[in-house]
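In this document, chain identifiers A, B, C and D correspond to the written order of the chains, with residue numbering beginning at 1 in each.
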Amino acid sequence: MNLLEIKNLGISFGGLRAVDDFNLTIREGQLYGLIGPNGAGKTTVFNLLTGVYRPTTGKIFLKGQNITGKSSIEINKAGIARTFQNIRLFKNMTVLENVKVGLHNRENYGVISSLLKLPGYRAAERRIEERAMELLQVFSLEEDAHHLASNLPYGKQRKLEIARALASAPTLLLLDEPAAGMNPQETAELMEMIRFVQKKFDVTILLIEHDMKLVLGICEEITVLNFGCLLAQGETASVLKDPRVIKAYLGD
Amino acid sequence: MKNDIVKSEKKSNITGSSLLIRILVVVGIYALVSALMLTGNMSRSWESLSIRICFNVILALSLNLVVGFLGELSLGHAGFYAVGAYAGSMFAVYTDFPMFVRIIGAVLVGALSAGIAGFLISSSILKLKGDYLAIVTLAFGEIIRSFVKILPGTGGTAGLSGIPAFPSRYVGFTFAYAFVILTLIILKCFINSRHGRAVTAIRDNVISAEMLGININRYKVTVFVIASVLAGVAGVIFSFFKTMIEPNDFSYNLSIEILVMVVIGGMGNLTGSIIAAGVIVVVPELLRALEDYRMLMYAIVLIAVMLINESPKKAQFIERYSPKVLLKKLLRKGEKKSESA
Amino acid sequence: MKKITATKLVSLVLLAFLLLPLFAACSNAEDKNMIIIGGIGPLTGEASTYGVSVKQGAEIAIKEINDAGGVNGIKLKLYFEDDQADGSKAISAYETLMDKGMQILMGAVTSGSSVALNDYVKKDKILQVTPSASQIEAAENPTTFRICFIDPFQGQEMAKYIYNTLGYTKAAIIFNQDDSYSTGMKDAFKDQWAELEGTISAEVSFGKSTTDFGAQMTQIANSDAEFLFMPIYAEKAAQIVLEADKKEVDLPLFGGDGLDGILTYLKGENAKLVEGMTYLTPFIASDEDEAVQSFVSKYEAAYKEKPDQFAADGYDAIYVIAAALKEANVTQPKELDVDALVAAMKKIEVDGLTGKMTFDDDGEPNKPAKFAKIVDGKYVAQ
Amino acid sequence: MQVFISTLIDGLNQGSVYALIALGYSMVYGIAKMLNFAHGDVIMVGAYALFVSITQLELPIPVTFLLCVIISATLGFVVEKLAYKPLRKATPIAVLITAIGVSYLLQNIALLVFGSRRKMFTPFLKLGSLKVGGISIPMISFVIIGTMLVIMIGLQLFIKKTKTGIAMLAVSEDKAAAQLMGININRTISITFIIGSALAGIAAILYSAKYMTVDPYTGSLFGIKAFAAAVFGGIGSIPGAMIGGILIGVFEAMTTGYLPGNLTQASDGFAFAILIIMLILKPTGIFGTKRIEKV
């Protein structure tokens, strides 16, 4: 079954077509890659998917439901969560709190019940605490639970961002360059983790990446973007051999 | 000001002993002040200061929710304070209920009116940020002060007098202190809930918060409403303390003074706000002996505190000599001794 | 580990300080043989000029009285505390003074502060003489007396004088929206004026942060008003007069006692702009009267500036207090009987700088309202 | 109609002064990214300097002008060095509070030195006024607007053409990057403050010439209006400060002139209400650009 369907998606800033006539279909449970040279519009696609920008043309369907032009909040509730190329953690909150924020909409007690500390509130907070700790354990961050997010080393910050995104129980997880700034050793670990996460949380993953080894290693299918346009699409190994793709990456 | 966004690491699971300590501190302060008051051992200026400190603490705490936790610069807190003070004291002045009912009614009416004002203002300025939000809130405060002069029943520029006073200083202090504690409990509960985390998340990174499904606008309004309700309560206490209120009591200078309390106490630090509010109310009174040089000294102290707050040497100094660290060292020594013994 | 902010550090240092005044103050040894008078008024902040004047005027009176041997041999001591014209700070100032052993209150200088003190004075039942709080509510207490005129009185008197004596019927008014002295006088003037069936051609206001009076003067210049009523203080009035000149507004000017001293702000040619200005005042610094001249010269010697009506009010307030102490036959500095003092207040007649005054049962002064007019750059009593 | 035009011109007159002050605010904000709340108080000190040198030292007028500008600029320099420089890495709000402290400090020094009573200047710049069809416009307003235009153009040229100016621009864009390019941040910000405070000195001269008065609270009173003007125009934008100042002056004149009956008591409030409505419609001020955060 198709989880995500993007049809003729396009956006222009001023006169510039940043993304044009973009089509993509992802099936449930896939690990899908989105690649392309710098400035090809990959992050813009993510921004369109998560409601940061409104598309000028085209439609986006998640599980058959039209989410085009919806706000980020609604899109998150519909089941999409993401990480960012330039890490965006809540720096002055602890690691644990970061994940708890991700769990925001999973418990729904109101302001009044928090002020009066009603029994429902206590039970909900306990569940939040437990789930958050579980998530941290998955990413082996439990030792750092009470440290400030900004004090974590770079690699752990990336992990935390993924944990936080997963906390909101997405069906589709968007990872924007998860391996950026990591050494080969860390990247290898990351690959393992992405696979593990996909299984454990039963989540579909779409990721942007420059590290071809990673892409080749874990993505079943990929799409290549160039100058905002779709260049190639299909099974990873064969797409990477496509002369147009090689040309786009290496230049003329 | 990274240092000032204080992290308490055990925020969510207050352990039994620290809760006990808090209760002891709260009760202890109250017991000490009441004992001094009731035995006539407290000087009169301190009796009145103790009430002034209370409503200033409520103001600082509530503004801290907006500035420190939500991260929006509001220069109009005096406006909500004014709405609460006027609405509450008009209720008390123009009704004939028994004293007790009038006081409680005034608090409810004041809080409700300020809350409505907070709701209206915050929901109309959601798009504004930073300095633009600052100037609009400042303008809002001045509008309130200005319109009070032409509204019926407010006493105009001359002010509203004849507001019932607290039966005694002790009653006044008890009343005000109770609301300080209530404010603290409300803020603590809010901040430690999922709503509080959402608000702090908005401060730290709006975009991330939005992507996690947090409704930014709803939380901005919620925070403003809570803060203005509390400011309104402070206004009612103020009007019972002063027994007359006039528009000039609520100028933008007051909003700035409250902001100074929040910043000096540390943004997002509730204990800091309490101490800073106390210090800012008390210091000018302590400096009375300096006569003409009083406000000059106040300005110098203010600048000095800001500079010290930001100085890297401060952090070093505190690391070495803070009472907690010293206590720990002492304990450790004690432990070692007992071990060796 | 929770980090500790500088405030905590500072507060620890301050703690030592705090504990000092926390306990009931022990009064100064020297004060034991003196009668302690407390003064409250703005010494800093935007209204400081009024408080400073009152304080300085009062200090001169205290010195004169003490140099002459005091009241029945008892010397007077004045403690003056700053309230920044803010009611809640006035309460703190009041309590500080009570801690210092205040027996008689001279203040507060501004109306708002004075009204805020009503309840406190009532509870403590002490004699209060306010030099300059002109709002009606400021002298509500049975033990409170005031030296200055009340705002409505001035507004009414001016309206009557202008309508009946001068025969003008069309008024222009400019007032300060942030000052109850100004709005109080304006409201009374308007009520009286309506009763007299005069018309108001223009009514404009300004606020405490106003620096430019162009728009106000445009309205007045384009009205058919026959005169301009300015129930405001001299320093703003001086600026308004300058603006009026630019707009060629050449109307006769009227006002209350706040206009006194306007010539200090209008030097040289500018003095001509207020030629003919008539206002109600109890005090004229250029009065030939010997007492006034002696006060003016002492004041100038001490403070390097000319006294204004606030200084005169402060001076008179002290003399009124002294007269009441004498009338009540006080011989022990620490045994003041407030009922006797209040009774004495109602009996005394004091020939002060601001006129010969007695006090009625409401604590209001009976003293002749003098109309002053500026003629040839000098204040002349009418 | 004539009253309306006169009132409009009154608004322009008043607005030109707000604009002049807002110019300094906005310029410092544009480069150093801080709200210098003490800017108005620097003007106040400049005005006192002018007052002393004219009425007490009786110096020739051009010398007094020069002295006023030099004293203001020096004050700005010293304040920056002592109070703001240690806070370079602090949050804007901490700097704001410190600036408020500096503002209190300057006010209270002036209060101690010059007393609380307002000082009136003897007229030192007699310009008269221009009459057009029964409406008189004071010449000083032309001088103010003219000076402002010169300053605006001068600033633009300075920033675009000189090495220091370009350095300032770089610092305003990105401090870290500017430092990597070998720009001395501290020196550049010092210069910004010197220029900003020299502008305050010029404002002090023109303000004194127009209103012929100064007291310790002069600066803080109109400082808040100038702050509103600078933000309203789009903070950091020099033309914005000018338009913002003039518009606020016009709002005020209109609410003063045209509110009926009792409402005139709240004219200040109505002027601020217009400001709020305009900002709700245009959330980044007139010339402010929306900074889009890159995701």
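Annotations
Here, a contact is a pair of C-beta atoms (placed from the backbone, for glycine too) under 8 Å apart; a residue touches a chain by one contact, two chains touch by 3 or more.
This one's a predicted model, so the numbers in the text were calculated from it and none came from an experiment.
Common neighbours of chain A and chain D under the contact rule above are B. Among the other chains, C has the CA centre that is most remote from the centre of chain A.
When the interfaces B-D and B-C are ranked by how many C-beta pairs touch across them, B-C comes first. One finds 71 Å separating the Cα centroids of chain A and chain C.
Between chain B and chain D the centroid-to-centroid distance comes to 32 Å (mean Cα coordinates, whole Å). Measuring from the averaged C-alpha position of chain B to that of chain C gives a distance of 35 Å. Averaged Cα coordinates give chain A a centre that lies 40 Å from the centre of chain B. Residue positions of chain A with contacts to 2 or more other chains are 52, 84. Counting partner chains per residue, chain D shows two or more touched chains at residues 108, 111, 224, 265-268, 295.
For chain C, the set of residues that touch two or more other chains comprises 43-45, 177, 183, 207-208. Residue ranges of chain B in contact with chain D, taken from their complex: 1, 67, 73, 124-125, 127-129, 131-132, 134-136, 138-140, 142-147, 149-150, 156-157, 207, 252, 256, 259-260, 263-264, 267, 292-293, 295-296, 298-300, 302-303, 306-307, 309-311. Interface residues of chain C facing chain B in the complex, by the touch rule stated above, are 1-12, 14, 17-18, 21-25, 43-45, 81-82, 85-89, 91-92, 95-96, 98-99, 111-112, 115-116, 118-119, 135, 137, 177-180, 182-184, 207-208.
Within the complex formed with chain C, the residues of chain B that make contact are 3-4, 6-9, 36, 40-49, 52, 146, 149, 156-159, 161, 165, 238, 241-249, 264-266, 269, 271-272, 275-276, 278-279, 282-286, 288, 291-292, 294-295, 305, 308-309, 314, 318, 322-324.
Those residues of chain C that touch chain D in the shared complex are 43-46, 48-49, 52, 177, 183, 203-212, 214-219, 221-222, 235, 238-239, 242, 246-248, 264-270, 305. Residues 2, 5, 7, 9-13, 186, 189-190, 192-198, 200-201, 203-205, 207-215, 222, 268 of chain B are the ones touching chain A in the complex.
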